[in-house]
Amino acid sequence: MIVYKSADWWEAFRHLRQSPIIQKLLQRVMLLGLYSSAVAVIGYPLSHLKVTIDPQYFSLLGILLSLLLAFRTNSAYDRFWEGRRVWGQLTNNCRNLAVLLHARLPAADQSHRYHLAKLLSNFPIALEGHLREGVRFEQLEDLPGNLMDKLRQSGHVPSLLAALLQEFYELLLREELILPTHLITIQRHHEALLDVCGACERIQRTPIPFSYSYFIKGFISVFLLVMPWVLITTYGFFMIPITMFGAYALLGVEMIGDEIEDPFGRDSNDLPLAQMAHRMRVNIHEILGVELHEAKKALADAPYSVVQ
Amino acid sequence: MIVYKSADWWEAFRHLRQSPIIQKLLQRVMLLGLYSSAVAVIGYPLSHLKVTIDPQYFSLLGILLSLLLAFRTNSAYDRFWEGRRVWGQLTNNCRNLAVLLHARLPAADQSHRYHLAKLLSNFPIALEGHLREGVRFEQLEDLPGNLMDKLRQSGHVPSLLAALLQEFYELLLREELILPTHLITIQRHHEALLDVCGACERIQRTPIPFSYSYFIKGFISVFLLVMPWVLITTYGFFMIPITMFGAYALLGVEMIGDEIEDPFGRDSNDLPLAQMAHRMRVNIHEILGVELHEAKKALADAPYSVVQ
Amino acid sequence: MIVYKSADWWEAFRHLRQSPIIQKLLQRVMLLGLYSSAVAVIGYPLSHLKVTIDPQYFSLLGILLSLLLAFRTNSAYDRFWEGRRVWGQLTNNCRNLAVLLHARLPAADQSHRYHLAKLLSNFPIALEGHLREGVRFEQLEDLPGNLMDKLRQSGHVPSLLAALLQEFYELLLREELILPTHLITIQRHHEALLDVCGACERIQRTPIPFSYSYFIKGFISVFLLVMPWVLITTYGFFMIPITMFGAYALLGVEMIGDEIEDPFGRDSNDLPLAQMAHRMRVNIHEILGVELHEAKKALADAPYSVVQ
Amino acid sequence: MIVYKSADWWEAFRHLRQSPIIQKLLQRVMLLGLYSSAVAVIGYPLSHLKVTIDPQYFSLLGILLSLLLAFRTNSAYDRFWEGRRVWGQLTNNCRNLAVLLHARLPAADQSHRYHLAKLLSNFPIALEGHLREGVRFEQLEDLPGNLMDKLRQSGHVPSLLAALLQEFYELLLREELILPTHLITIQRHHEALLDVCGACERIQRTPIPFSYSYFIKGFISVFLLVMPWVLITTYGFFMIPITMFGAYALLGVEMIGDEIEDPFGRDSNDLPLAQMAHRMRVNIHEILGVELHEAKKALADAPYSVVQ
Amino acid sequence: MIVYKSADWWEAFRHLRQSPIIQKLLQRVMLLGLYSSAVAVIGYPLSHLKVTIDPQYFSLLGILLSLLLAFRTNSAYDRFWEGRRVWGQLTNNCRNLAVLLHARLPAADQSHRYHLAKLLSNFPIALEGHLREGVRFEQLEDLPGNLMDKLRQSGHVPSLLAALLQEFYELLLREELILPTHLITIQRHHEALLDVCGACERIQRTPIPFSYSYFIKGFISVFLLVMPWVLITTYGFFMIPITMFGAYALLGVEMIGDEIEDPFGRDSNDLPLAQMAHRMRVNIHEILGVELHEAKKALADAPYSVVQ
């Protein structure tokens, strides 16, 4: 995610080169420029034919296309924002679990505190890996050996971590460190972990329905391929930059929608999952009063003009 | 559901042939092409009459129609996405139930674990059948004989499965394997099963109100039937492809809305319910530490370029 | 509610006659046709005056009107869909209550089961009456005599039924058939009954604000009354069908919005409340293992091309 | 709130005079009519200058303004509807509290029943005053003297009523009239009282952001002041009614938005808070089996063509 | 936040000077005016070239841009409103916690009441600082010395305050001043504190995705820079005010969106967090019956035409 000062208007142009999606967009606009130039060379001699276009008919199609692109934009942004919201819920629930068990565990009970801090911190880190290239086990907080082995063999690491946490609560209950009443609240926070995991999987695995996506792409393609032939009668060679600006607008909205739709990747618009997971780890350790290595703390404060 | 790489623009055209809804759309566009051709043959001699169309009036109707189609698209997509969300909740609640009872049941208690894994796995599989052609009982995990018979006679299989699970929790409570406190959390996850079932039935049985649906269809029909007569005065025979492109756009949005609206069918845009149910079965068995046949595991990982 | 196969395009026209809202719409379109004809007779001699209309100004008003109609459509559909959703929640909560108490009550305890099945089944049936012409007490399941009398004298039947159910839970608690823990879950399902009742009353009693409704009606009226005078200069007598098509579109969207807004009536777009209530009764009886008369079962499966 | 039959189209015009917001709107339209007349007198001699307006540029601004007005309308209606929804929740929670405690309190225990009925009924009545001109203590149900004095001195009456109710639950708990388990459900209903109060305060105290509101007002003002100068070249004196119709449309949408935004006032579109509070009082008393004076009952059934 | 009477139309213009965002907007409009003047001087001699613009093509782009600006406006307002809603939830939960513990703590127990009132009041005050320039510890209610020191060293003050409150509940539980049952309700209110904190951090740290923001800025920039060259052929020097009005509209919508998007700053549209926190402090102290210094009470009632 590129962090930017949203009110700074003039900086906009400088960043155009950095965003991969906008680079790709510019490439395609260039391609369309080449196509337009070819049309211009071929079509210019014919431009005296004055093919007029019925304005209302094409205006209608243009409005329909614009509304479809607005729908695309809204639904893509909703997914992006839902992705951010569920990671925010993950933060809230980790903090609340830590606050509750901190107040309940004896202040001197470092062993339980360490175990909880590690298990809980590992959940977001594992989830980040699960949603990207796979869990990198060397990034997790160290757990007793056999647990680490079980994690490595698991088909769904977040589920297993949730199960380990659940076993830990049962242990606390048996040792009478928490009352049954506490369990009711703990369960509510705990279940949110797997709910967040499920919501992320849903957003990632179910893009906008196939038909809509391709229907819009087809619509834009026809529109842009026909346009130079129409505009040449009015503008002559001046049609080339005009077509390219139109392509910038139409392709741009579509392509940003495609990118935003899955906010868990590593594009410049995607969410900084890794940093958020590291920040949760710092929070959890601080609330529980458990030491954390400075190097790990630093990961949460990475100067994030571009963060992952 | 056809799974596709959403940012890959040029692949769009290749898939046009695969989607049944787009095939049907192309058929109708062809029909309209025939109609336009007939109009062209009949109407061309009259085209010197120069019937001009008042632009603002028709622009208004076009905008109104576009907004209605945007409404159609939004409401259809909302249903699709709600369908996906409730199946995601089903996944979350199955996992959370399995995690909770795994931590509570003695590790060696294979018999209760098997029974739970089977009952719980059967719910999504039965729901998939319930929403499609009816439950296929041979797909369910095997239950003790008399239970299987009761299921076969039931008028509403998911309700009966929920009742069997509820009886199982009461059994655990009587055997003091769970505390009353646990029941509060279990009930919250458990009730989500029937809530999901009810939400799916609601989406499936209540399409967009009759009047809207037919009003839009009527509007589009009149629009498309009148159009060739209007366009012929401006474009002559060139009007035929132009009309067809307009038909592609208007009919396309409407037809995709009709298809997306019920996401539980077997169209290429519909949700891969069967595969999701199989994946839940794998998850539940793994969390509870219960063996599952490799052939059944494989069903969850079907290479899904087209999945059900 | 008319149940229809949403993808069947050509059947649209056949149903136009059946929907009362569309009949009323056609009447008004006819009226406007008469008005247009009068305008045509009076105005035709004046049509050489060539009153031109400033396109941008009227285009703006047209767009504003279209957006208002889109707002109308969205808010009306939201109410329709919320009405459906809360009746779906009613179904879910009735099933969940039945499942929970079925598992808890001794299998042989037919008397409690019968009482619960009757009370619970009566709630949706009474709610349907409450939202329509008043509760028809002969449709309710028979309750012990004094209860039936109390119901008949009640000012708000659903509240009293909820109170009777609550008394029944307290009875079960006193007889130790349920634990206090069960009550927590039961209460959550139980309170949903009155929440659904309140939501339905809200939708029914609070239409879209007066000012919006009449503002839109006034806007459309002026628009349609002015239109023939404007169009006659361009089209002559051909203006009559064109005006009527415009009236069909504008009036249609408005009138359907008026109808959909309150989904609890008996129009062809309204929800099949009676059938839904009967289906809940069948579900509840089946889950609790209590006999239900075949004639009552049949009501839930009425072949619903038109259902109430 | 003016209650109206939404499908009755022709009655629309008769009500125009009753709504204060529409009266104010008509005033402003008249003012603009005067302004236009002045422009007509001054500008007519210049109208041969034929200042043409670039259509696309102004069309764009018109669409942008229409979309901003649509945004205004949607956000104002959302507030109106949220206000209605939270008052509906208040109704539901009052009924549910009454149902729960009715079933739990001994039938003969009139003193507790009276106290509860009075406290609970006073909450919506006090909230109505709190949101309008201040609580009118003579309207509240009579409480023991010192409580009434405390209410009169309170800085936030609904909070104090909630605290008195909470003390009442604790009393019931100490007298073992309710179990701790009941308290969990009671608390959930009880907290909704202050949640509703907070939501109403939020809607009332936070209008749409200052910048949007004034930006839109400025946009419309410029638009309407410029319009007569533009239209005069096309229409001459006929421009006056046309401008006034445009003013009716643009000002109307804006002003209705301003009014609907805070639904707790006494405008004709505002919610009938007083009547809703009286109806809750009747419901609560009936459920708890406590007498209520006929005159108070009558307030709930006021023939509400205009209600407060 | 500037508090205004939303229906007072004519006051709009007077406030234009006060709002910093509108001042900045006017600056930019002036800049564009200068640019237009330069274009006018250079371009006027060329204006006889009559470059006509294809209306439909630019109309399409204008509609697309308008829809993107509508999307921008909606998403910015949603964030603003969510920010307000979560602060409203904070108010509700603080009041509910105070009401519950007031009823439970012995009336004479001033020491626990004071401690709770201080801890609870500090949460919103600390959150306000946390979201703005950092917590100002001198503004917090005084806590016993070592707690204040811990707060000063904390990396995340709201989390630590939540932990201190949680320890306080555990203390009450150990001293048997509350039952385990009460804890369930208290926890639900308590967890809302950190949920609100997390939601505010989410809104503040995650602006609308980079690509959308810059895409829209780029679109508007090109549009406004090209416009004078186009309009000069139609209007001559009259184009300058017209361009400036267009710039006012397009830039205005974009800039207000940028400002509203983060509602926790100190702009004139931002939420009055400080005053809301002070008002919560007054509420909490009044409910718990604990004295608060008059000077602190006064902060909650600041005459807020401009409040922070």
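Read from first to last, the chains carry the letters A, B, C, D and E; within each, the first residue is number 1.
Basically, a contact is a pair of C-beta atoms (placed from the backbone, for glycine too) under 8 Å apart; a residue touches a chain by one contact, two chains touch by 3 or more.
In this text the structure is predicted, and so the values were computed from the model without any measurement.
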| item | value |
| --- | --- |
| Shortest chain-hopping distance from chain C out to chain D | 1 |
| Chain centre separation (chain C, chain E; CA means) in Å | 39 |
| Inter-centroid spacing, chain C versus chain B (mean Cα positions, whole Å) | 24 |
| Residues within chain C bordering two or more other chains | 55, 59, 63, 65, 67, 70, 180-181, 184, 259 |
| Chain-level touch network, classified as line, ring, star, complete or other | ring |
| Ring order of chains, beginning at chain A and proceeding to chain E | A, E, D, C, B |
| In the complex with chain E, residue positions of chain D that touch it | 28, 51-52, 54-57, 59-61, 63-65, 67-68, 70-71, 75, 154-156, 159-160, 162-163, 166-167, 169-170, 180-181, 183-184, 187-188, 191, 194-195, 197-199, 201-202, 206-215, 217-219, 221-222, 255, 258-259, 261-262 |
| In the complex with chain B, residue positions of chain C that touch it | 1-2, 4, 6-7, 9, 12-13, 15-16, 19, 21-22, 53, 55, 58-59, 62-63, 65-67, 69-70, 73-74, 77, 80-81, 84-85, 88-89, 91-92, 95-96, 99-100, 102-104, 179-182, 184-185, 189, 227, 230-231, 234-235, 238, 242, 245-246, 249-250, 252-253, 256, 259-260, 268-269, 271, 282-283, 286-287 |
